[in-house]
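Following are the structures in question.
In the two complexes that follow, chain A is the common piece, with chain B as its partner first and chain C second.
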Partner chain A sequence: MEEELEIFLEDCDDQLQFMENALVEMQNGIIDEEAIGAIFRAVHTIKGSAGMFGFDDIVAFTHTGENLFDLIRQGKVEVNKEMIDLFLRCKDYAEKLVQAAVNSEELDEEQKRIGEELTNKLIAYIEGKPQESAVEVLKDETLDESEQKWHISLRFHQEFFTTGMSINSIFNFFNKMGKVLLKHPITYNIPPLEELNPIHPYIGFEILFSGKTTKEELEDVFEFVADDVDLIIFDVSEKGAYESLVVQRGEALLQKELIAASFASQEMFSETFLKDVSSEESEAEEKKELKKEIIAPQESLEKQEEAKKSESKKKSSTTLRVDSHKIDLLINYMSEIVITNSKILSLVERENEESEESSELEEAAYSMKELLEYVRDGIMDMRMIQVGDSFNKFRRIVIDTAKKIGKDVEFVISGGETELDKSVVERISDPLIHMLRNSIDHGIELPEERVAKGKRAKGRVDLRAYPDAGSIVIEIEDDGGGLDKERILAKAIENGVVKPSDKLSDEEIYKLIFAAGLSTADKVSDISGRGVGMDVVKRNIEDLRGSVDITSTYGVGSKITIRLPLTLAIIDGFLVQVGLTKYIIPLENIKECIELTKEEEAQMGTNEFINLRGEMLPLLNIRDVLHEEESISNRKNIVIVYFGNKYVGLIVDELLGEYQTVIKSLGEVFVNLPGISGGSILGSGEIALIFDVPRLIELKNRVGSVK
Partner chain B sequence: MTFEMVEEITIYEAEKLKELLLEKLDDAELLLDMAKIQKIDIVGIQLLISFIKSAEARDKRVEFKNVSESLYEQIAASSCENILGLG
Partner chain C sequence: MSEGTLEEFDVGEEDLFVIGDAQQYLFFKAGGDIYAFDVTHVNEMIEYQKVTRVPMMQSYIKGVTNVRGSIVTVIDLLERFELGSTQIGAKTSMIIIKNIALIIDEVHDVNSIVDEDIKESLEFGFKIEQRFIRHMAKYHDSYIAILNCEEIFKLDEIAKLKEL
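Our next item is the complex of A and B:
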């Protein structure tokens, strides 16, 4: 079942349970506003969600029930014992309707008859209300009074298309709730084909809607895709509403588009505003940031008022939805604070060197540092989301892909509760889809082939996530044919990726599938096999400071292991010095530090390894690799770093201690610098380079194999 | 040169179609025969708009022929008929 449908089912179950509880209370003679309100809300919510999915039967039935309850709520119809029994039956029937809709089944004749009977009884109560005409009049009045024009501005987050939610069903639902007066697609964000990722949404919509709905009801339409849409809804009669829409969207072309599609007129935008938007785009970007901040207080006031209004209506919720942009902004400021605080600390330390006495200033500076760490962790934690939601979206793709090529696959997700930075989750999703498709297309065999091999006809693909040593591991494992070493090697030699004389380990051979232009599939299929993609997958993962490994047993299956850092923005590092340059090593990669004594150095000779407690530890001399100057202190230390199951000792001069730091990109010029992932500004204003430990280890292995 | 499109232009074919359309961009005439298309979704519509943009960048015009009524309606449901030059 699709994730959205599951949520729908759960939600309906909850609402029906609320309804039943309230009805049972009523049976016991407790008929109060609260109980009636609860039932009304339950019916209304079910109707709303059913409409989203286009379950017209449920909408029609609940609509009748809602009407009756509206009358009861207004005191126009009085509840009696008979009615409560009827409602209980309606609840049972609604449950059946929901079940049938979710399983895409038809109700049988008997059920249909019951439905009709119940509907007729409900209508009889509605029509049998005492002041018949009065209500009719009232209905007309409310129609006039509450008919309102709303503007709905719709953009989609990267994942939207893969949720499987159809845009047309959203539009259809608008048509049911009221009237769509204008609907205009926003296409200027769609790039030319060369830059298009076809499954990412670039399109947007601007909609003018008229109906007797509240803003909340319109927002509820998007309840099931709330995380995947970027929604702005406002009352068009508000002054400056369109101006603020253009500002909030920050799209330079939006104003023109709104005017051209006759949502707004030129006059709706003030003269100064026009200048703003027509000025340089980069400038507009900056202003967008500023304006957002200015608008924010006003917005929050509105929200507060709204919240007050809905307080009596909605149950209080313990979660808060925050625009991820706001958190990004906080992290940015946080990064600056961390840098500034480092500077304060180093100033304090310098002061202390002279006085040799710990001052109050020092104390204050250190407790500040500690508090900042709490705040930082708190903010980082806000960005963490469970990977499960994202994983569940793959279900449909996996099942559909398998079906399309005639394979039968069981898709098992585990560790969905593992938390990862939101931006990492977003960026890992495409590579994962690609690898899952590969597993199904190349890995899992056709059912008959599997049976012939003595395997279960149904293949199995596992997607797992779990935390491990400061990073998150994601595994894709299939019980398919496994990788054919010989074929991969032959193909790689044919394509000139490796030389026939190269001696490669199994692991290295498997890794060749990530080399550009290598596809070992016999047939190029629709799904994969063009040999483009796996190299992109690897690059994407490496861009996230992650790594990817493959293990495989021919005939039994393969396992792809992806290792990702918890977050991208800030790292706890260890500051070292080589020559005149300072370097930062991510603390999560450090196992231990040892001194390299003169004796050991003498023992080592020209070997690039030492004997560490009986085991061989390969060494990498940073001075040689990065061509650093001679040591200024004459000291030598080894920092033992690891990634996954590989260890390397880095030879450096000075160990300067732990250092919390913000990663800054070095820009394109330094992209090819081996083993450096970024830079950071130290408190003293000096620049330190951050080591990319996985690459350093890879570098060591490469250098090693050449020798 | 006219070329025939597959039966569906949806999220499932999008990757493949993108490659196909990229190759076609070099053709002198971009006439797409839609006779066989039964189904298009928003992903497909977005892909076609992107195709048109790439064509325009090369000073070429894209034309669709044999658009069935049902297909037109699917496109019109998202109000994209004018952008695709079908309006």
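Our next item is the complex of A and C:
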């Protein structure tokens, strides 16, 4: 796909999403100016960008929608529930139109029929507006229905062509909106050839235009280039309008040109006018200010508004759309830099091992390290996006799903401002949708059922995000029926996932819903219940180095807790040695490091826990679990790690210190390997393995239960 | 491949590997026997270097090693064939195919075999499993096995964990 089209598609997606968010809010009864304005702007923007590409279908469809929203905005048409549903369908249709246009495909007959139906419905609302307000429309300066002549004076800023907009497409717009009666190029600003810069537009245009448009609509043609053109639009019937134009432009030759091209006649200019313009500049300046105020007080108001507009535009232009591949590339380089820098640091340290004082080189190396950390954090931060936008997309899915199966659900999102790596957000989206659907389909009961149980008829599903211990937690909680332990277990035994003789804890039983081929729904609906899914969900989350847990109380509700790492590329770790291998423990999982004294070891005996400040701390001897060889060191250390609310002490040989590390995949051969999330190349070129602490703790449980 | 090499030989890139009806093979020793790989499958050959052990894997998965900034899986070919394990010595090398480094005793040479000398593999009778052999080929008056990478690197087999 061409780059421009890609941008167009992204833009439309964004706008359609804004629209949907606003519509869903309206569905919840929040119909305010803000929501209506948001939708209007979204429709308008799509129309504008589609127009630039000449996607006439989109322009025509969005134009109808825009008209209706304009009426709504002016309070001439009131929004009702049917209309919101209609708009949601329109949004879906517009999405299809955009897709088709971008892929240069035709819509099929069915789609076309839907499009017609939607357009007709929209028009019906437009025409069905109360009669009395129609009179008002005419009185209003909008003058929607009657043809009007406008004069458009256009000059381009030097950088105009760099916007990528072509002058031709502007004229295309005019031709679509009405008729261009006169078009006259202004060429006197073109410099002599030797001074001419071929990429600057020196030309200007004076245009006489006739159409059923308002001034705003004409100005909107230039919405995307507002900062790069000099635009004066006025009603030709205004008295002294041309005189004012000449003054505003301050171009000595303009008056002649206007008369020559028969825009205006000599009579339109006051007698003294010519002299004023050409003679005393300062007086002209004064007059310019004065005239502007006298002739067009309304215009000056609009100017202010325009100034406001351009200000808000400037604000939005401080954000930069960057291709995510560029950032990925930066992260890759950053990873290499981090590795190289670690190497430099270890070299410097080795060099200075003997001397007490730190050398200048060492100091420089350390400040370099610090600076690199800033840069790294900065780059990482670029990838971070708020989860809210992604969460809002679920609103509609939740409402639609609930509606489809006759359930009434309140969907509450919190923590939308929590930031997460973009790729994580993208990849967590499908699993979340799946789990939300499950909550509604299997969790929340039908309204009458709920009432019978003494619950509120309307169910509630919460979607929460918050940071916790270096990871991000996403929770989905419903106040539905909860998980039926007996039924899950029965089903699991039936499907051979567990043996009848197995003794399982509640937690383990709940976790069975993540096993493949297990669906407890008696009926398979088209929403969920085919038993594929929850295992895929779990896999997807684990691929992101995350974990998923479920708690439930029968009859009261369930809560699914997902833990995700902040980012996938780099972690701060702690390097330890076990046997012949070096391992890295993510710093975010470490609580503290202590020495395992001989006394404690003796006290432990064959037990695998110690008494730490009055609390029992279970231990995991890495050497035993991972079958590492005996090491030379006879000292033993304990690294206390935690994940969620579990604490475990890992017994290791040596503590080698903090290490900033780039996670690299070990390769597909090791996909099944539990407890290790990847590898990292140390400064020496050696590879250290990175612990996946939650899985390691799980491993401990598994090994423990075997014993 | 640099331009210089191409000019020097004055042959196209493909011709470097296929000359007439003969394909180029990499010949190497493992456990005293000679085997060959189709040279187009081989990324590079390096001297044996330090391997970081990865726990819980099959015994022929020796671990991982760092090849110019990439993490590469290390497999002992002899162990994969269940013929004991390779003794590390001065000539021990690693043949890198895709993302896997195979430990072998010694690289022999790179040579071509004409099509007439390539035969179907025997159904049995050779010391390694038949599935690991793509063809048999005549090489210096004896028959050697041209190995089948796909079988040796069969993912669902080599990615299996050892029982805990």
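Note that the second predicted complex is superposed on the first by the 387 of 707 C-alpha atoms of A that agree within 3 Å, B and C clash if a C-alpha of one lies under 4 Å from a C-alpha of the other, contacts with A are read in each partner's own complex, and residues count from 1 in each chain.
Quick note on the criterion: a contact is a pair of C-beta atoms (placed from the backbone, for glycine too) under 8 Å apart; a residue touches a chain by one contact, two chains touch by 3 or more.
From a predicted model like this one, the values you see are computed outputs, not experimental measurements.
Asker: Go through the superposed model and pick first if A:Gly667 touches only chain B, second if only chain C, both, or neither.
Answerer: second
Asker: Which partner does A:Ile199 contact after superposing on A: first (chain B), second (chain C), both, neither?
Answerer: After superposition on chain A, A:Ile199 lies in contact with chain B alone.
Asker: Looking at A:Ser166, would you say it contacts chain B, chain C, both, or neither? Reply first, second, both or neither.
Answerer: Once the two structures are laid over each other on A, A:Ser166 reaches chain B alone.
Asker: Could you look at A:Thr187 and tell me whether it touches chain B, chain C, both or neither (first, second, both, neither)?
Answerer: first
Asker: A:Met604 in the overlay: touching chain B, chain C, both, or neither? Say first, second, both or neither.
Answerer: Neither partner.
Asker: Touch check for A:His627: first (chain B), second (chain C), both, or neither?
Answerer: Once the two structures are laid over each other on A, A:His627 reaches chain C alone.
Asker: Of the partners chain B and chain C, which touch A:Glu336 in the superposed model: first, second, both, neither?
Answerer: After superposing on A, A:Glu336 lies in contact with chain C but is clear of chain B.
Asker: Between chain B and chain C, whom does A:Gly685 touch in the aligned arrangement: first, second, both, or neither?
Answerer: second
Asker: List the residues on chain A that touch chain B in their complex, please.
Answerer: Interface residues on the chain A side: 161-162, 166-168, 171, 183-185, 187, 190-194, 196, 198-199, 201-203, 205, 400, 404, 526, 530.
Asker: Give the list of chain B residues in touch with chain A in this complex.
Answerer: Contacts found on chain B: 11-19, 21-22, 25, 41-43, 45-47, 49-51, 53-54, 57, 74, 77-80, 83.
Asker: Quick check on the complex: what are the chain A residues that touch chain C?
Answerer: 336, 339, 580-582, 625-628, 664-674, 676, 679, 681, 685-689, 702-703, 706
Asker: Sort out for me which residues of chain C touch chain A in the complex.
Answerer: Result: residues 50, 52-57, 61, 64-66, 69-73, 99-100, 155, 158-161, 164 of chain C touch chain A.
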